[in-house]
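Here chain A shows up in two complexes: once beside chain B, once beside chain C.
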Partner chain A sequence: MYEWNWYGTVSQESAQAIRRKYGLEEKTILDRMKEHWIGYLFIIPTFVMFTLLFYFPIARGVFLTFTNTRLGGSGEFVGLENYTWMVTNDLFQFAFGWTLVFVFGTTFLQLAIGLLAALLLSEVVRGRREWLSAIIMSPYFSAPLAGGVIWMWFLNSDFGMLPRLWVDLFNSPAPSFLASGVWPYVSLIVAQSWHDYGYAGIIYAAAIVGIPREQYEAAALAGASRLRRFRDVTLPHLVTPTIIILALRTAWNVAEFAQPFELTGGGPGTKTMLLSIFTYQTAYVNLNFGRAYTIGLAMVAVSMTAAIFYVTVIQEEEELYV
Partner chain B sequence: MPPAGNHQDGGPEQAETAEAGETSRRTFLKATTAATSAGALGALTGCLDSLSGGGGGGGSETTTVSFLSAQAAENADIQSHFQDSMKTFEEKNENVKVDLQTASYGDIKSKLSSTVSSGNPPAFAESGSGGLQYFFNDKIPDHSKYIEETDGMPDDFTSANQEAAKFRGEYWSAGAMRHTNSNLGIRPKLFSQVGVQNPMEELSTWSGFLDAIQKIDQQTDAIAYEETGVYNDLESYWGYARTAYTGGTDPWLRGDPKDPTVVVANENHDDQGKTDGMIKTCVKLADQFSSPEAASRGDEEIPSLMVTGKVASFTYATPTANRWRAAKDDVKIGWNGGNGDYMLLPNPKVDPEFGSNFGISELEGVEGDHGGHVWSLEQQQTIFKTDEKTQSAAWDLNMFLLSDEEFVLPAWGEYYEAIPGLNPMMDKVLNEYDLAQSTTQAFKNLDQYGDQYASTGAAWDVKPTDQIRWTDINETISQAIAGQHNMEETPQLVRQRIQKTLKNQNN
Partner chain C sequence: MARVEFDNVTKVFEDTSGPIVAVEELDLDIPDGEFVVLVGPSGCGKSTTLRMLAGLETITDGEIRLDGERINDRSPKERDIAMVFQSYALYPHKTVRQNMAYGLKLSSDLDDEEIDRRVEEAARMMGIEDLLDKKPGSLSGGQQQRVATGRAIVREPAVFLFDEPLSNLDAKLRKHMRTELSRIHSELGITTIYVTHDQEEAMTMADRIAILDNGELQQVGSPKEVYYRPANVFVADFIGSPSMNFFDVDLQHDGAGSPALVGNGFTYEVSDELTELLDASETEFVLGVRPENVRIAEDAPTGKSISATVDVVEVVGSDNFVYLDVSGRECRVRTSSEIEPEEGETVTLTFDESDLHLFDRNSERAAVHGHSRADHEAQKTIAKEAEA
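Coming up: the complex of A and B.
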């Protein structure tokens, strides 16, 4: 049927004969296009729109990082100058570190609260569950800017509810939640987690509803406690949703701008400067679009690295359950 | 081991034959649908294209001026006045239509950026200082010919407009339709409580003002002085930085715009102490008398804090009384026998004792004048490059906004109290309306101490004026207020950042 050569591998000629026999010949792109031309025709509109609205801006953005483009101009090629500026800029270094803390703090808090909300909902009888879902998930559907205003009034030292509550409870002056010590950092993370935990909640709730009841019944019959059933039945079903939530929320939290900007604007001073706010400031205050795009690429790199990390680590974890 | 085949029986030939046999109605239907989809997309693109580009065709003589304005979005009253006024302008200028678009001052730069990038800029826009970049990038024509061909121009421009509209001898903009200026704002109730009886006299110097706020700090729960210390609201500092000087001397940059002398932290400059001293004054005032939020405090928050007695003074006071009425309907503006809610005064001037009184050695023996910042660069309006007819119509619209009494008087006397962009209109507004004390005094300050009231950054004529003003100066001071570095090192940090920016961007 086929011949083995000196090196113990199938010879080139016989391999081709096998491919021919089973219809596995190498095909050129042109061959494939001819064969599936109808399919290609169908995707042309989408491809054109994606290219115009998505791929082209990305490619142009990457190109701009090598230029000194400013507002309204095309700029000249400056090589790696923007990257050198970025990595040696004190504020970028700070914003990069704080963005990582903000993103991971927010993402994991959103995950934890979302899971808690989903578990709570799974315990509620139908009818009430829908109403409770709507209430629990409502922050997610509010505009981030509106969320910022809500938290601003909640935390405001002069008129806010929390400082007044603090004074009543502890009988001491409330800290300035958006200005003093570590409070602005905590406030930003909590406010952002509040706004977006609903996303994790929705996905987790869908995953929990899909878990076969029989598995819980079998575990209960085997004498598993509630905690054990959660660990051995519920959790394994939540691994894939967790990867999805982690990857997406990380990317979105890296790009989060409206609510933090509304709450602190990167201040006091530049104490809570996130990469997203720094990008805005570089583009629209300093009018330097080449540099702003370069910071934007650093944000993309953070999101992609995190996504790859999650998928790799959690896939290994998932295999433990297989 | 042989590789596993994908086709099970009959091999590929048979499969191909079967596929070929199916090229019938179904395949035809698929192909037709796909082609129709692609065609529809193409048609849609063509349709959109014709919609966007259709305005200029049709053989009509009508010229449409698209006008992007932030001022028109400032409040509901002024928005309505703008809309009505555009109709008035159309009536006065046959065959010209105005397409008014609005964006807030926070959004206008990004909106303008996207329209310019897409090759569809408005004909006329309040581009602010961003317009200077468009001018460098050849998106804006030299406005000189329009200015020179118009009676009374550029002499009728306010001095702030004359400074701001020109860059190294060329007119890159058509002026600003209005200005506001920064002044000292106080709450009379709190100042009278600590014994001030004649604020105009007693708070005219920094020593007098310092004495009063020290008493307020000690005797009341109010914030004696609140710095609007978020970087994009530190124009308060820009204003009083001038009060260590006389005769309109610029505290930061002087000399040849291509290679300016940086006064800040310049050991070889006679005026270093005045400039550095006022930077330190800003940080120290915030540290001693302001709330912990000072480094992130915006000016919008002050009216509600002041009318409720939480803040006693600030230096971002503008002529616009409507902002105070929005915070409290029956707000008492003016001294009112020491019972007012809010009053506007000239910024205090530096007196020879202030340095030693406040512990700023650089200011010992220094004597300055009243002074403030005039917003002008931020409001500059520009004509974008298009056909000559549209540019000319846009200039007509500009002059309407600057000089037509039907627009100017209600706009700056009633709906949004501000200083008109042309000098002759200032008296007309003052004569026509019974203005609040804050507005009248702001007008008077500009008139009386004119030299010292200037638009920060306009006279520098350097390319990166925005980065120097907002980031190198303001952000660095804001960081100091937030405690990110100390007061003593702040002037040197400002200097380093300005020099770096000039080196990289002022070529």
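Coming up: the complex of A and C.
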């Protein structure tokens, strides 16, 4: 008899006993590598590319934040100066707050609209469903820049469709959707939600299709109304997809650049400055890479905090779910 | 508790490839408290029938009545029917207790204490008291089955429906659950309709069996009735394992001698009493005889012996299944375990006239059953007495 521990492996002494019994020798890492050399051969290209294009730039970037590197020359080590600059910078403070509003606004709108689209699609018969889902999801497949152009045509005060419609409907001059009052914020959030709700829709649709039909039937026989079945059968099955969508969408919405840049470019002035656009300006307009990378790290911190928050909160929620 | 009536019920599915008749003009009257098993091969319409009764499928034509009331247009929750699904359909996010209480919470006005009491009672009945606070994901298949059944019985519905509830269990557990379900039925006495493709399950559990094929009802009767007096070739073939042997035979009367059934490679003499029961103009029949009624016997009477070559002998322990070749047709024989002929050996087979079944070769309907002779005689005397 060998002793088994919590991890399902045998303890050290038992491992020795088994090896002695069957005349085996303990394998070193080198032995394992020799044994599986062909597997290592296959992952080497990916490993090399990842190191060159991903891990190295990250490490290098983190290092950059401690220097005053600008375009051209290699900078000098300046300690935490970039960080103190960042947290005391008014524009950064504003952009940080507005980014949070933008990210959570778009993420939750995308989630809600995506869920609605997925639910509607699940009611449509097969055959028609595929076509309809392709149409409904199409914004997601359009390039963000193209999405920006489309919304520009909608919202622009000089030639946009929406201002015209506003004038016709309300008989009063339209607000400047990309400049005045709260309108630019609303416009950016709506446009961004429009572009990416399809992502949530696709994942929700797949999850809904996977829910066993019998569970709905059993609930119907038990006396559950349609709404009740949605709450008791559909929703519990959507908890895990929701965590995935929330975490990924948050990260992507934090990093979103193309469409807001196309629509307002952070303006008018710096009125709608997002962290992503701020990073771009610091790096490529002011050519200060050290500072730009510092802002970039702040964005990473936002995404990661949000992801950890979602996972813990929703796990607890799942435990509570009745 | 309730009586269930199917009156001329038809279900047509409209598919992209055109309409498909799943159930055709089904008539079935199930008295209160009966355990009826719907059995048939896959695609025969048995599950559709069950789902129409539950309200999960619409009814194309005809009427389903529960205690005399038409329920065609009632929603599932208004029918007071509980169903156990093949996949169990337990709610994965609820504990066993919550799963079982769900129906009572939604469709009854019992207070929480009463619901809890009933859940615990049902759990005791199913032997799952220890599992009440677990979630379905951590249970074995057999335990999930018990929870699903428990969830149905806790509601004390008018009718129980089971849709192949044991198909996902291993053979041993399946047999055990069979007895368990029968016990629960006799304890509760609730009308039960049980769908399976397993004829053995049907035979062991049912008060009455309804055999379906191609959406049509083939026969309804007690297990003994469908076994001893199958209405047609399909039922004869479907019920019993290994299934019945069939041979095409012609009935021949050669003057003086007794009449005989002549098949490919054998002649089997039958008595006048048997042929009297047949339509005189018919001579083409299918002879059916069950593997358990055929004997390997060298001392068989000459007029009733069939020569056959042994193909394969399967040892199952209690019996031997011998597969033989009778002039190119396979013949299955179930013998006691002592009789174990060599493969390739030529043996003589025989069976009693009382064990044979004759079917009309064109319509495939039963013409006469060996066992039925006695009660035919009885019926004839009764009829004569009545006339007199």
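Here is the rule we go by: the second predicted complex is superposed on the first by the 276 of 322 C-alpha atoms of A that agree within 3 Å, B and C clash if a C-alpha of one lies under 4 Å from a C-alpha of the other, contacts with A are read in each partner's own complex, and residues count from 1 in each chain.
Just so we're on the same page, a residue touches a chain if its C-beta (ideal position, glycine included) is under 8 Å from a C-beta of that chain, and two chains touch if they have at least 3 such contacts.
These numbers were taken from a predicted model, which means no experiment stands behind them.
Of the two partner chains placed around the shared chain by superposition, chain C is the only one that A:E214 touches, whereas chain B remains out of contact.
Set against each other, chain B and chain C touch different numbers of residues in chain A, with B touching more.
Applying the stated contact rule after C-alpha superposition, one finds that A:G267 touches chain B and leaves chain C untouched.
When both complexes are overlaid on chain A, the residue A:G23 reaches chain B alone and has no touch with chain C.
Residue contacts after overlaying the shared chain place A:D158 against chain B, while chain C stays out of touching range.
In the superposed model, A:P45 lies in contact with chain B only, and not with chain C.
Contact residues of chain A toward chain B in the complex are 1-2, 18, 21-24, 38, 41-42, 44-45, 48-49, 70-74, 157-159, 176, 178-180, 264-265, 267-271, 281, 283-288.
Within the complex formed with chain A, the chain C residues making contact are 16, 54-56, 75-77, 79, 81-83, 85-94, 98, 102-103, 106-107, 151, 155. Interface of chain A with chain C (complex): residues 127, 212, 214-215, 217-224, 228, 232-233, 236-237, 239, 318, 321-322.
On the side of chain B, the complex with chain A involves touching residues 2-3, 5-7, 11-12, 15, 27, 30-31, 33-35, 37-38, 40-41, 109-110, 113, 116-117, 130, 133-134, 136-137, 139, 229-232, 291-296, 304-305, 310, 464, 466-467, 470-471, 475, 478-484.
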